[in-house]
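What follows is chain A paired twice: with chain B in the first complex and chain C in the second.
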Partner chain A sequence: MAMAQDELSPVLQEFDGLSLGNYNPYRDEMAPLMISSEGIVATDITKKFFAAAATLEPGTLIKDGYFTLFESVGALEIMDPKMDSGCLAPGESLDEDYDVTRPLLPSEVLGIIDQLLCLEMAWHLGYPLSQTILTNVYIEAMLMPCPTTIQDADFIRDRPEGTPRDPMFAVLRAYCLGLLKTCWYVNERIKFEHYYEEEDFVTNTYHRSLLDNIDRNEIRDEIMEARKTIHNLGHRISEDMAQALGFRLELRTAFLRAIELSELRSNPESLSLPWSQMKAIWEPINKSRHLGTPVPEAFSTKIQRRLASTMPPRPIVQLSFEETYGHFKRLFNDGIDVLKVLDYTDSQSLLNFVQTFQAQKPQPLVYIRALLQFFLFKDMIILGHLSIRHVMDDDLSIVVLPLSKLLDPNNDRCEVPHDARFAMSHQMELFRQRAAQSYLDISRAFCQNRCRVRRTLCHSIQDWETVQMDAEEIDQLLQIQLDEKPMMYQTSLSVESGAAGGEPAYSLPLSSWAYLYKLRLMEWIVQLGFELDTYAPDELAGMYWYLSYLAKMRASHVERIQKFTVARVNEIRLTPHTALPDEMEAKYQRSMSYLRLTLLDAAVTWEMADALSCLYTVLGRLGAIVAPPRPYSSDALRYDIRMKPFAPIGLPELPSYDVFEHASTQAETSTANLLEFASRAVGVVKKGYEALSKLSEKEAFTANCHSRWVAGTKNCFKSVIATSIAISTVKTAVDKATIRGRDVSVALKVDIPRPDKLYHEWWIVPKVTEMLTS
Partner chain B sequence: MDATRMAELPGELQYIQYEHKLEAQYLPAIRALISKDLSEPYSIYVYRYFLYQWGHLCYMALDPIDASLIGVIICKLEPHASHSPPTLRGYIAMLAVSSSYRGHGVATSLVKKAIHAMTQRNADEVVLETEETNIPAMRLYERLGFLRSKKLHRYYLNGNSAYRLVLLLKSIDPDSAADLSLDDVDHIPS
Partner chain C sequence: MSDENITPLTTEAEQSEEKNLAALFLQSLLNKNLRVTTTDQRMFWGSFKCTDPDSNIVLQDTYEYRQPTFQTLRKQTSSSSSSSFLEDVSGGGTVKLDMTSRYLGLVVVPGEHIVKMEVEEFASQMKK
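Moving on to the complex of A and B:
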């Protein structure tokens, strides 16, 4: 159970400044309240209240039905120093008595700036301003009272006119101006996008204005001035010191510039310049920090009492400079990388970009994630220049409808209601309107923290279930307009059951598209379950079986799409008896290439999942993985909870517990056969990942993210090798035991690494070692 | 920490159900024991919120010699609204055992008593959150049959994430599977 974080309550804040010292609730005569207003009849209930209260025992709780746990958690105990923000220890002063006008040495300015860098990063990581930047006395003096002009924005106000600023004050002031303005922009960006308050980030500014009234150009000029001031100091400070301070000011200018340019959402090359600049000066900044002298007294938790917050002062979040260094370095690299999304190539590359970018460990900071959302979705214009329709049609053309009349933009020009083109245009528009949000939400979901991605996808699959159903209705209307003839289609299932010839079927392109996404979302939910360490060791055999089940569904669905696409395009080819024009051929090949890629990806997924499922089944049989006793639970009930997100889905229907249990224990298959099967599957996967990692950017649909994707694929390949080693270790042990006789048990030690110790988070490969037995 | 632990418990511990009349005797000790592991203390109202309404779901482990408090579990049991029809959901809000008495199954006994009491009152499920770094707690609950249903990013004030653990006591009615996604907002704000 967690405490509620500080919910801003202006009313309680008001009480903060009131003296309650003379208040005695038990005095007999209360001063009568003089309420006079039309329609109000005041009744003094004081006596009644005390009389009633006197009948209660201490600790009795009187509450109405609407008093929630949330409210009880929010309650404070006056005079408890951990809850009462006004409670002071004997002799403690309310405020810090730090003199912001005292002269500062250059090394002290550097020390304060470096401490501010650490606090800035702590804020980026999710800690509130109150425990980070707003603990600095110079910042507080600059922000209170709220400055409305650039001249006012200073920790020393009312400077006599004409007297120049002390050079060191000018440097620190300029740094703080740049810092605060950056924080304002960062805060606004995050607030505007989808994020989780307090979980990802705290946007509360505690009624402090982060210089929102002051123009960034004025601030930039002040920073420039300060850099000149350092220059003019000449030999009065060491060259190292002058450089060190200069770099820090340059960092502030560059950060503001990076933010300013990002608003353009185009031309990533030029947008990345200030990010590269920050990356370059970050090294000398790190190397010069020894020149600084810390000034811990310039930071105080007491300032929190002056902020619009009911929380008592909480400790300053102290990141070390080493940690800060690492996080900023990541921030600058991610800042450069995220811009590459702006170079749009195709819809599938875009999705792969978002996924591979967000799958990085550690995940990019929330500001970068917000920036990615801003690039993707601002004003419903994708990446600053594409309509949603453009991206969706691109996707439909890749996945299900290459060269289809349905995507012909000329349909829109047809104004004859009886014309098929008119109907196509209308129905397609209806479909886009129906599916656009769900489609964009996939990318939006992947911009959240990993825990939320999984939770959000669990909702999305229900949404896609209805998108698929609605799409099927539109498909049926469109097949009339297209005069589509049904095709005899044989599913792999009907082949197995011996039904020859298959059944007449329609292509149903739009619902096929939706179904494919739903299947992918379902796989991702299971895979994120592995990544987030959600499953117990004895669940792994079953969960890998289910993943394999879903991947097989996807493969057979993609095969179906493939068959219909090939047949349809053949018709186009045959009608004019000529080869397709280059551009059309390219579109067709692009779609074929995508479908092959998806089939290969589905195949490696199911084979690898099968291999691991069999391996875990064997480890369970051999007693190397032991389920806990679980006296209050049953396997079937746990299956209910585990599969809860999938239960409402009609297609593919959740397998019954019996089917699941049968499939994940494979009781009728011998251990030797299971291991044999696992080995064979691993062999197939190995070849599959080898083939995948050789694909070009174009074949893999990984424009602008190919290296990240290849790295991920190679990590999967390492997981395969590790799996094959684990399988042979088990095999050897089992073989030995078989030779030595039936009663000899196999002694294996199994170590299941945590996800961050795996080659790839989605493949939990056990480390198996044989234990020596006498 | 193990050095300060007892090799053996001082005899058979007494497990008793909390009652309101015990407030003066035990509430200060309960608060002290639970606050030890918290960065931010709960106000007295949080304790009373639970204890006054669900004292019957609170159990204390007491020293057999001086009846001092060794461990405590605090729970609630309420209809959970986001499902239709709602489930009767038990929630383990707090569990603490004095550090020198750990490793003797005191916490497990307390959780078992709470589950038992909730089962008697017809609970459909029992849930709780636990810090991802608290391996002993997760092991304890998982041994009893709880399952990690989801991970909660930076759930605690210290920035640590948590897992939601769920123990299903009755089968989910498939006809009520209207909103069975993982994202049911819960009672404890964080």
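Moving on to the complex of A and C:
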């Protein structure tokens, strides 16, 4: 509580008499401030302090022992206009010239709302609130001081009792209420999930409460009320205007409703209703924006000085309405699309959904990505109704263990410790606990921005390396319980080396499963490298060779899984000498179809990568791609750095630099042969992609995302065609040169398109044109 | 700036004694809450961490207080406000106002911009 002037403590009064005038150039303009608070006495030490500090030797400091100069680097320098957001230019005032109580025309309200829509989208795109929504004077007046009740949440606070709100104020206020509450929910959702602050999104609210303590139902009622108000205005505003304002309010209601429903995480049909509604009203909103009059005065960067921010004011982020229109449209479509993830069919479809959804260009907004994570992982309940075990067992049964005793839920019921079923249940549970995190992390990683996906996967492969090793131990314990007999298995390697019959081998299903994921992750890392424009043109031959190397590994691994699965299921089949029951047969077929798909996918990947690798090798030889001079490093050192993420992986081992060098230059193969090989590979790939694109939703494991997947496959197909064109261009040029004689050099112009100009981001196909030389 | 430095009457011993006292005084202020007013009439309230010969001051957990603008002054004087933190004496009349504050964290206030410094102490703990 404050004390009155005459009650001030004698100390303060005494100091009041001190000559402050020497130090205060503003004394004449402004009377000094006196701050009063109970129990605390402030003593003026200005003179004493300056005098004492002046006696210090140059370079000495008086400082608190726990305070380090390192910390002080982060301190803001007051009165430095670049650092101090409160520093005013001479003559500048903090006063807002804008009067929020001035009457507003309907067209002005519309103009302000449309401007707010643009700012809202800018925030979604990653700009801070301080440069977007919080630059609006109405919003600022509504939020400061912080309203605790819905009545308080208004830009005109002390309205006399009983006087109705001006209808235009009511509309703008209701809109702002809906907007702020939506922003609060969006912000909370994003904060709760995994995202990268300031890289993806800025969640800072600068100590402003975005109406978090006001109930959404109250806000919804206010918006309804405002819509009624518009209706009651009748002919006092034009019908178009009434409609335009009405749609904008409806958008706010629908957005809040969409957020509310998303919390249910079930029944995508009904959850998508408000999103569809927004999508539908977005068009008329766009068409009616000409009715609005912009009110630029209602937005000001000055407000930033009042926010809890250490940043000096920065400009308002101005998106054009065209851009805003496009982004919102995309947001609503993605909002509908993302809900489809809730329809679970199988674990592989789920992974494909996440992948294809996130691979879209441009990527869905952070909020949508946060929603996807929320649907997937909230409370460790997958998609709101599945246990992690359910999804993992489903995946194991698709990939390695169809119809296996190991996945029989009845094992859990066995309580006899020396029973095999008891041991199986126990070991499987151990395995699940060990692998669950790494397994879920794949989907979580794919929900991040593309650069982060790649980075995260680089770390994940090391986790998978240990998961695989742990799984192998468990496999060995389980094969005893299952009384598994080793099978003579011939690896493609042993075939090459001429060893007949192969070696006795066990199926090792759990470690096979982990190894398959590790291989896929490694391929994705390389492929994302292409997508993210990581590699220099002269590196492409080598990187495509490495991709092909990994894909070949995957193919031979899948073949192994296939062999063991077929053998195991045949055993089940033969014992009773009858066909399997329909349900079991379906499970078996599902696994077989998955393995076929993976095999096909691995095959097209390696053939296509081979073709491109050969093509780039040839282009390098012909001098069409020249490595820039790199005087301070060697190729071998650069290889070490480039392959760093893969170096710690034991299986598949990273090829040595010599192997890599040899494979990417293929010095002993003639150019003509390389081109021949590339065009043969392309022929195979073409057939492969044709076969892939004909697969049904069920065969491709793309439930709810089939069209996206098909589109991706078709883009790959286009890349194949482009590759074959490039190869034949090079071939013609080389042939011509050969006919003319050895000395004639081949003049080719190579254009390597940016990833966004490619048919498919993972296949960097060069544009090759023959240069006309006389 | 200060007169003491110019007077040659003090002996070396006295000078170093004086320096010690000065350093002790500054040290006694460490971690106390200071109110530092700058040339632009803002006041910074935070815990004192560090200073140097130029009286540059480092404050931690600082809040910035700003004089109410004329706009709010007009508004507030017309409607009577109840609770207050600040008293403004303008032309004899006394008005009570809420000061607008903002959290800033760690700041350096350069000595050249300081017009006033106050140290806060609990009335109950002050020496009589």
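Operating definition for what follows: the second predicted complex is superposed on the first by the 696 of 774 C-alpha atoms of A that agree within 3 Å, B and C clash if a C-alpha of one lies under 4 Å from a C-alpha of the other, contacts with A are read in each partner's own complex, and residues count from 1 in each chain.
Rule of thumb we're sticking to: contacts are C-beta pairs under 8 Å (C-beta built on N, C-alpha and C of every residue); 3 or more make two chains touch, one makes a residue touch a chain.
None of the values given here were measured: they were computed from a predicted structure.
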Partner chain(s) touched by A:57 [first = chain B, second = chain C, both, neither]: both
Touching partner for A:49 - first (chain B), second (chain C), both, neither: second
Partner chain in contact with A:40 - chain B first, chain C second, else both or neither: second
Which superposed partner A:380 touches (first chain B, second chain C, both, neither): neither
Contacts of A:452 with chain B and chain C, given as first, second, both or neither: first
Touched partner set for A:89, first chain B, second chain C, both or neither: neither
Chain B versus chain C as contact partner of A:200, first or second or both or neither: first
A:308 touches, of chain B and chain C: first, second, both or neither? second
Touching partner for A:640 - first (chain B), second (chain C), both, neither: first
Contacts on chain A seen with chain B and repeated with chain C across the two complexes: 1-2, 4-5, 57-61, 72, 75-77
Chain A contact footprint on chain C (complex, rising order): 1-2, 4-5, 18-19, 21-23, 25-27, 29-31, 35, 37-44, 48-55, 58, 60, 64-67, 69-71, 79, 83-91, 94, 96, 99-100, 102-111, 113-124, 126
Sites on chain A touched by chain B in the complex: 1-5, 57-61, 68-70, 72-73, 75-77, 80, 82-83, 125-127, 196, 198-200, 314, 449-452, 454-456, 458-459, 462, 532-536, 628-633, 636-638, 640-642, 644-645, 647-648
Of chain B, residues touching chain A in the complex: 20, 23-24, 27, 38, 40-46, 48-49, 51-53, 76, 93-94, 115, 119, 128-129, 132, 142-157, 159, 161-163, 166-172, 174, 177-178, 180-183, 187-190
Chain C-facing residues of chain A, complex: 1-2, 4-5, 9, 20, 23-26, 30-37, 39-46, 48-64, 67, 71-72, 74-79, 86-88, 93-96, 158, 207, 306-308, 310
